[in-house]
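Every chain is named by a letter (A, B, C, D, E and F) in the order it is written, and numbering of its residues begins at 1.
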Amino acid sequence: MKFGILVNEGPYTHQASDSAYHFTKAALEKGHEIYRVFFYNDGVNNGSRLTVPPQDERNIQNNWTELAEKHDLDLVVCVAAAQRRGILDENEAKRHSKNADNIAPGFRISGLGQLIETGIECDRVVAFGD
Amino acid sequence: MKFGILVNEGPYTHQASDSAYHFTKAALEKGHEIYRVFFYNDGVNNGSRLTVPPQDERNIQNNWTELAEKHDLDLVVCVAAAQRRGILDENEAKRHSKNADNIAPGFRISGLGQLIETGIECDRVVAFGD
Amino acid sequence: MLHTVNKSPFEKTTFDSCLNHARPGDAILLIEDGVYAAVKGTAVAERVAALNGDLSIYALGPDLSARGIKDTSLIERISVVDYGGFVDLVAEHDVSQAWL
Amino acid sequence: MLHTVNKSPFEKTTFDSCLNHARPGDAILLIEDGVYAAVKGTAVAERVAALNGDLSIYALGPDLSARGIKDTSLIERISVVDYGGFVDLVAEHDVSQAWL
Amino acid sequence: MSAEENGAGAEDQKKFLYVNRRAPYGTIYALESLEVVLIGAAFDQDVSLAFFDDGVFQIIKGQDTAGIGMKNFSPTYRALGDYEVTKLYVEKESLEERGLTADDLMEITYEDEDDDWAEKSSVQLVSRAELSEIMAAQDVILSF
Amino acid sequence: MSAEENGAGAEDQKKFLYVNRRAPYGTIYALESLEVVLIGAAFDQDVSLAFFDDGVFQIIKGQDTAGIGMKNFSPTYRALGDYEVTKLYVEKESLEERGLTADDLMEITYEDEDDDWAEKSSVQLVSRAELSEIMAAQDVILSF
């Protein structure tokens, strides 16, 4: 089956991103297709490469990046939500005259249409949040 | 009177930072001293200079930065909470081999002891959160 | 002692817990989504109206207006304050507890 | 239809609202802090035990273990699933609603 | 990207329901949910919005956010008709618990092209049981 | 910075209360509150912790987080005695509503230097009314 995943909260503060990660892994192990993981609201903060969690804790951004590499996942960060919260890629940084960007490998910034498309294309959409 | 302010949530997603800002402004207008504004939990995300809110919305980071300039406020972002969430200044970025930083003007990164000190030194501590 | 409550009483149990722990002479300030507890005729209004009279209950005006709540809709015992009044309440009470 | 609830029934009203809207034949999966609703002998347990038998209620095992909840503490009608079981529940039901 | 490119012509539209259960301003979920609805309107799907629990507060009349320095986004709900989003279900029980009636809600209307562009209300009051039926009939439920 | 440098010697200690009302793991507040307690212990103030509402779940026995991939931080509560944090108030009513008794809580102890280093429990069960008194007697309440 084709699954779409929606993550509405940032890393560490809420369990949402962890739950979504474990669900995604389990779905892949069962042979399902993950069409896209869409990060919205504070969920966009999962896509920052600047996080430095304590060494004895999981690294949520790395977990997503590695899972994406291994399974060729499409990790999409909503551009509007990302702008509000300061998650930028090189293009966005340039466009808004910011002198740094912080998007993590494996994540891409795109529009909300990608969430609607996920709803249209997928057999199931599962949301994780606060 | 000497006030300490604690902000536990990031910008935009919760009203906490807005409420803390309006409270701080009102306290200053009434002639109170703001000893420190301490940003903890997701509150550290208020200190990112990379946010680009829509033009018809308030800019929360700018609001804090300008208030700090005008009144010489001490805006402190907790280092441990900031590392988890990817808020870094130049030193922190270097120390953790990250190739970018994102701290906003007027904010500084320091330890949790600064929160305890706020409790010790202030007549009142007021917390804003989720 | 001053208690601040910032969540809707229909969504979270913080307001209930605050009422369970507030003592006579204490003050409660409703802010943000907490101001919905200040409205007459709701499923929680009776509990508020029946509270010990020694408990002062305030609601933040700017948060009421944002949510379209008129002064005429408020439970009688509620006093409305602005951010300056919020500051005064904090100053008047030895310690504040935010019911987050 | 599958409902997921991730908040403690003592903290938020999402579990209540879910029960109010679930229909016979639906399934409810308790995850994260939602698993506290699966425990026997609490102030909410009676409501869960008394629900229509056509409503299936599941709780996520890894979240139960993290919170120190043993299988013997669970209300009888609750079935425990792992993340794979969560995936199966989503697949088996046409649509999922997350009670955030 | 147009709806056609997504293979979502009228014959294979999906039923999308946006669930609104949170109050505005205290958190951003109401606003960011509305932003999804506006973008989603371009995709030519069968769209409905449900307002229940504290979500009914989103469409209350007379919101004035000047004092909290935030943008009042409530007028946007009134523009939904222009986006052909015309089905807003509001749960009666949620209104009652909050001491509200239909008169407390903003007037949200659309012009019905199948009825000589007559102006009609987009808001439909439904019972809890009816709302449960509506939810169960969806293909995709988006809840923030 | 030492406590002395802060002008916080024993004669002018402040009473700090850390309020714990949230369950662990679902959100980070319990963990990050505990991190404040550990740092704060160096400041030689009069420190208490209150566990009530869902906060009582923080100190439940038998937590095993292997399956959710998060760190089990509950053993840190047992180390609080080493930091001279020895007053943990737990509300009886909160336990009862959750079907819990004192036996469900971890054993958290300290060695009493004024009583020949006898090992004593740091946990004190208090009624709701007693907890209200304790809260009212504080100089600083930190709640996350």
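We take it that a residue touches a chain if its C-beta (ideal position, glycine included) is under 8 Å from a C-beta of that chain, and two chains touch if they have at least 3 such contacts.
From a predicted model like this one, the values you see are computed outputs, not experimental measurements.
> If you check the contacts of chain E and chain F, which chains show up for both?
A, B, C, D
> Determine the set of chains touching chain A that also touch chain D.
A chain counts here if it touches both chain A and chain D, which gives E, F.
> With chain centres set to the mean of the C-alpha atoms, which chain is at the far end from chain F?
The most remote chain is E.
> Do chain C and chain D face each other with the same patch, meaning over half of the contact numbers show up on both, or with different patches?
Answer same: the two copies use largely identical residue numbers here.
> Which chain pair shows the largest tally of C-beta contacts?
Top of the contact-pair ranking: A-B.
> Looking at C-alpha means, what's the farthest chain from chain C?
A
> Measure off the straight-line distance from the CA centroid of chain A to the CA centroid of chain F, and report it in whole Å.
Spacing between the chain centres: roughly 35 Å.
> In angstrom, rounded to a whole number, how far apart do the mean CA points of chain D and chain E lie?
Those two chain centres are 28 Å apart.
> Taking each chain's centre as the mean position of its Cα atoms, how many Å separate chain B from chain C?
26
> Per the centroid of Cα atoms for each chain, what is the distance between chain C and chain D, given in Å?
33
> Can you list the chain B residues in contact with two or more other chains?
Each of 8, 12-13, 15, 19, 22, 41, 80, 125, 127, 129-130 in chain B touches at least two other chains.
> Counting only residues that touch at least 2 other chains, which ones in chain D make the list?
Each of 6, 10-11, 13, 32-33, 62, 82, 95-96, 98, 100 in chain D touches at least two other chains.
> Quick one: which residues in chain E touch 2 or more of the other chains?
In chain E, 25-29, 53, 68, 70, 139-141, 143-144 touch at least two other chains.
> Each pair of chains that touch: what are they?
Pairwise, the chains that meet the contact rule are A-B, A-D, A-E, A-F, B-C, B-E, B-F, C-D, C-E, C-F, D-E, D-F.
> Can you list the residues on chain C that touch chain F in the complex?
1, 13, 17, 20-23, 26, 94-100
> Which residues of chain C touch chain D in their complex?
So the residues of chain C in touch with chain D come to 10-13.
> Please give the residue numbers of chain E that touch chain D in the complex, ascending.
19, 21, 29, 52-53, 93, 128, 131-133, 135-136, 138-141, 143-144
> Okay, in this complex, where on chain D does chain F touch?
Touch residues, chain D against chain F: 6-8, 10-11, 32-33, 36, 39-43, 45, 61-63, 65-68, 70, 73, 82.
> Can you list the chain F residues touching chain A in their complex?
It comes out as residues 25-28, 68-71.
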